[in-house]
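Letters A, B, C, D, E and F name the chains as they come in the text, with residue numbers starting at 1 for each one.
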Amino acid sequence: MQDALLQQGLDITLFGMGIVFTFLLLLVICTTVMSRVMTRFFPEPEPVAAPSPASAPQSPAGDQRLRKIIQAAIEQHRNRRK
Amino acid sequence: MQDALLQQGLDITLFGMGIVFTFLLLLVICTTVMSRVMTRFFPEPEPVAAPSPASAPQSPAGDQRLRKIIQAAIEQHRNRRK
Amino acid sequence: MQDALLQQGLDITLFGMGIVFTFLLLLVICTTVMSRVMTRFFPEPEPVAAPSPASAPQSPAGDQRLRKIIQAAIEQHRNRRK
Amino acid sequence: MTIGQFSMIVVCLGLLFLAIRKNFEPLLLVPIGFGGILANIPGANLALPAVEAAIASGDAGVLAQLSQALGLGASESIESLKAALESAPAAAAERASQIAADAGFSNGMLYNFYNVAIASGVAPLVIFMGVGAMTDFGPLLANPRTLFLGAAAQFGIFATVLGAVAMSAAGIMDFSIADAAAIGIIGGADGPTAIYVSSLLAPDLLGAIAVAAYSYMALVPLIQPPIMRALTTEQERRIEMVQLRHVSKREKIVFPLVLLILVALFLPDAAPLLGMFCFGNLMRECGVVSRLSDTAQNALINITTIFLGLSVGSKLAADKFLDPKTLGILALGIVAFAIGTAAGVLMAKLMNTVSKNKVNPLIGSAGVSAVPMAARVSNKLGLEANPHNFLLMHAMGPNVAGVIGSAVAAGVMITMVRAMTG
Amino acid sequence: MTIGQFSMIVVCLGLLFLAIRKNFEPLLLVPIGFGGILANIPGANLALPAVEAAIASGDAGVLAQLSQALGLGASESIESLKAALESAPAAAAERASQIAADAGFSNGMLYNFYNVAIASGVAPLVIFMGVGAMTDFGPLLANPRTLFLGAAAQFGIFATVLGAVAMSAAGIMDFSIADAAAIGIIGGADGPTAIYVSSLLAPDLLGAIAVAAYSYMALVPLIQPPIMRALTTEQERRIEMVQLRHVSKREKIVFPLVLLILVALFLPDAAPLLGMFCFGNLMRECGVVSRLSDTAQNALINITTIFLGLSVGSKLAADKFLDPKTLGILALGIVAFAIGTAAGVLMAKLMNTVSKNKVNPLIGSAGVSAVPMAARVSNKLGLEANPHNFLLMHAMGPNVAGVIGSAVAAGVMITMVRAMTG
Amino acid sequence: MTIGQFSMIVVCLGLLFLAIRKNFEPLLLVPIGFGGILANIPGANLALPAVEAAIASGDAGVLAQLSQALGLGASESIESLKAALESAPAAAAERASQIAADAGFSNGMLYNFYNVAIASGVAPLVIFMGVGAMTDFGPLLANPRTLFLGAAAQFGIFATVLGAVAMSAAGIMDFSIADAAAIGIIGGADGPTAIYVSSLLAPDLLGAIAVAAYSYMALVPLIQPPIMRALTTEQERRIEMVQLRHVSKREKIVFPLVLLILVALFLPDAAPLLGMFCFGNLMRECGVVSRLSDTAQNALINITTIFLGLSVGSKLAADKFLDPKTLGILALGIVAFAIGTAAGVLMAKLMNTVSKNKVNPLIGSAGVSAVPMAARVSNKLGLEANPHNFLLMHAMGPNVAGVIGSAVAAGVMITMVRAMTG
């Protein structure tokens, strides 16, 4: 009975690690193939350097101050909603 | 049997369209009456040209820049909450 | 039967008010003790006058105008999400 | 459409008018009023379980099967079927439901909402959690004595229980002790507590009790001032109170745990209500789960409110609401508010006779709960008597104490009624 | 993996492609497509109840017990077991579930989602509430006549019912009257209504009906223009409409109540759908419960959409979806859209013959619902004919009228089919 | 209050202290700790089903009825009743519930939460969906080899299974194979996976397993560094890795579908967990359902977390938690984390022996999951050895691979245990 339990534990360990590795190996292969296919056959148009949020304000000092103000406003706004 | 099915389909169509039209006719009548009653007996005080959000900032250029900044702040704020 | 009902009502009232008062008395005692313990043995570092949201903008006029703009932005932002 | 259904639709339109035009607790009364209209649509059976819909259909074959399942004779009236259903043991009720399902009937939408949201108890508890997450115990912790005001105001609850049993004893109404307890809780001036208690003790009266509780809460600015003025002198109303001390974050974190431990030790039947309340408050104050606290105060409480309101509305179906008991409930409810207000004010005056730190007796009335209206009323009357007297924060102490007080009272009553009715 | 399951996974990947790349109603088709893939994973049984999983397992002991519970002989085939299960009375089905549970089987995840979200009816109703909270009835109230356009476009629904029974009568398909009614509702161009009706009348066809409804709604900009051009002259398309009058806040508040009262009086079977719709709209317009309205339009509708979509996906399991009926449904569905469009346009032309306030017949096509795509199509064709002709707001009237119209049609069909199949 | 209940309340207060003061996974441990206190309130029975509450009440009449329903003799002890209840077939359990309901008992609040949130499986799955919607697979796609690190780290899971059965074989503990599998999953360092697996395989141990999993996840910055330092040389820790390539939006959209298809083909028992995970990720990346993705990442996951936490807390009731097994679980759990960490690091070193693109072995430890703490630990140790060596993004690859790996391991174990105990 206890031996059976040990045997079961061993089975789970061996099969389990085997399947985990096999499955992730498969995933590595499929992912690599997929990435190659996507990159070669369905390339994305190079994203035009989008005006990222961070880049919008030019002057860092004003930026700092404005951000504070805006956060305060958002805070107030959120508090009021409660 | 199949004739019964056809008959049932015909019944549904005739009754159905009839009821849809009758019901919406009733709704037209009630809505019109309601609108008249509301307009005549419960008129709303003319809304004072409320300071609409869009009208708050005067200078369109500054408005543009500010809006960008604010959106960036909101974006950042939202990203941080995730 | 009706007497029994009256008796039950009276029981609920007497016991009920008694327990409510006793429980809240206990809560007063425990709360007071807790507050003393916390204040004496686990004092909080005095909060450094944090840059509170309201204090961020210095000029009240600009503050007013900015707040309006920001609220408009938030409003627009929220409406767009709908 | 029966006259009853027509009247109830008119009543519900009235509730909607009060909610929308007069701002009577609109967050609850809009869904309740709307749900009430839905519940009274003839033929739609939105508030009925499948079995009652089957009985209402009057189909002879189904009725015969149901009679048999419920252990009745063949030729029973619809009324006796309904009565048998209500007192049926769980197995027979299950069997009846299966018969109704086989005959093609299904539960009405509002009945499903009621079952999931209220009969399970979850909606009032979730709302209590959200209320906890919105409650600041700071003023209470700064001045714990105000808990006594919250205790005293609960006398409104128990006086109403007495009133209800007296009415029954006098033969005017026919309230059981469970009914009386559920009606009394209106005096707690706390919607979710009232709904929770009546869902347990008197589900049939839930509609009237919830409507009374929320309506009178909205009427607090009308009900309380005359009583407060009558019981206080001009001089008392002018008393200025010392500014509240600063309460540390840590005290605020520990307080809900202290309250919870006391509940665990002495009042297990109040554990669901006060437990969820403390949980919400701990989430608020602990500062490390603001995501959860935000959700408890917004999305979750709003979703729950929508379904709670519609579910309460399902109990405004004419055949249940249009009953002499409803009038009794409405009459007793307003008395409960008045007595609670008076008891709070008188308690404050009593405290002044034994303590040298005077409290303004106007804050006693805030002990009924009705957060934050009652505290605002105290503040308003204080300002009338003394333009420099801002009582709002002082009144918030008894105000939240009143929430705790009525949850305690609810726990006591549930325990005692269960022991009495066995 | 069976060929059927493989094909369905390919079909679902196609749906995802359309949703993500072509923007075909992505909010619904992404969850539906994904749910469809999950439902077709062999051996996972995600879309099956415990009993069907037990049957699929083929365990002889369990099958014997199930046979007995369902009143069959000992050596029945799996097919006859399934058939017996479908027609089993509630008590026997319950017994079968208990046997499956005892044998260690449990309901699949998607089956649970379907039961809670769709079989109970709650998800389509909650989405309808959210849609109500997003709908502005202003344009409709400014020009109530456009309700007739919304009525006329429902002819697409009923013509499709006729088409389905004709197909059955001709022996091409095997649709029952309930199937035909559920298929017809595709012509309502309203997703939640279609799902609600088919969950009641033809749950087996729900997958195909929902996919057809949402796909054709996404195709409205392709389906409608040729029909609209064919039925109107250049001159008609140029008609400019007078600017809509200002509609007061109060009218907007009262309108959902008027609609609800009419439903209560004349159309109780449409009460769940239109009731929730009106409730959402009242929350929006009354202005005192914006917390609830916001939640109904955001968190609540989004949560519901996720589970509704996955639940619909559970009906894309190969053994239910891969059926000649699905082809029939897809064919009938597009005809329904076309006829509805045509009926709306023709109704507008008819109205112009009897009224001096001319309407541009292009707004008739918006009566099919498909808010707001159909209205945008009207606007686009209007601008083509006359660059100063902005029809968008005018088309919003029939557009929301179409939502009401198809909910009314749904109510009628549910009533009639129930009476017919008794 | 029993000593056990008192101790558990103290333990739960300790959990709250760790969560609030030491920031130990507060989003989960605050609700779990609070729920644990609620579950141990004597007399409140918040964590018990109606039947167990009835048994706990000790009412002789009810006990006799229950004995009969469960097929026991008249004078059975309460223990044997409880044991009979646990092994009762579904029909007898249903009958027992009806008896309890007729005697006026109802399910406790936390028991209801547990049933709806965990026993149904829905809460862990919804949280997994939310986690998927928060996960960026970019670093993994840029360097798919890191999946092997996520695979190797799962050795912690299986070594723990072996440890648990060895303890049983040695007679120290009494774990079944299902218990051992559920305990092993702690090594997956992934809360929802651990809860999901133990709700299926060992519901009685769920409390201890969840507490261990979340506590050790919070302790990752203490547990991992010594192991990582012991297994690597200073030189290895200094290895700088090449910058990750840009991963296109389309790759990110297709990846969850590739993963889903592989699961569908080879691992149906992992389909619920990985399916919901991929669904969340697809919603995130596809860009057309940002409404749904936002809700999955915020309102929905927060609501679910609240109820999941309280439900897990219900399993901290003294009579279930205070068991020698809990000590065994806590001991095995930390071993699991240590072995998983070591296996990940060693795998990285092994990969370096066969490949010329060297990886820094410090990122191997991130393969245990514990997103994003484990990756931060890798980064911190990397910076210690080489101040220009930013490993964070490189470690995110194995980190999310660890989530996939443990979900795969969960699927395998569920399948195998079911086959063994079948």
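The rule is short, and it goes like this: a residue touches a chain if its C-beta (ideal position, glycine included) is under 8 Å from a C-beta of that chain, and two chains touch if they have at least 3 such contacts.
All figures in this text were calculated on a predicted structure; none of them were measured in a lab.
Comparing mean CA positions across the assembly, the chain most remote from chain B is F.
When you average the Cα atoms of each chain and compare centres, the chain farthest from chain D turns out to be A. Spacing of chain A relative to chain B, judged by their CA centroids, is 38 angstrom. In this assembly, the C-alpha centroid of chain D lies 39 Å from the C-alpha centroid of chain E. Spacing of chain A relative to chain D, judged by their CA centroids, is 46 angstrom.
In chain C, the residues touching two or more other chains are 70-71, 74, 81. Touching of two or more other chains is recorded for residues 291, 298-299 of chain D.
Only residues 89-91, 94, 120-122, 125, 129, 253, 257, 260-261, 263-265, 268-269, 271-272, 275, 278-279, 282-283, 286-289, 291-292, 294-296, 298-300, 418, 422 of chain E touch chain D when the two sit together in their complex.
Across the complex, chain F meets chain D through its residues 1, 9, 13, 16, 19-20, 23, 26-27, 30-31, 34, 37-38, 40-44, 46, 95, 97-99, 101-102, 104, 109, 112, 298-299, 302-303, 305-306, 310.
Within the complex, the chain D residues that touch chain C are 140-141, 144-145, 147-148, 150-151, 154-155, 157-159, 161-162, 164-166, 168-169, 171, 176-177, 180-181, 247-251, 254-255, 258-259, 262, 266-267, 401, 404-405, 408-409, 412-413, 416-417, 420. The touching residues of chain B, counted against chain E in their complex, run 2-3, 5-6, 8-13, 15-17, 19-21, 23-28, 30-32, 34-35, 38-39, 42-44.
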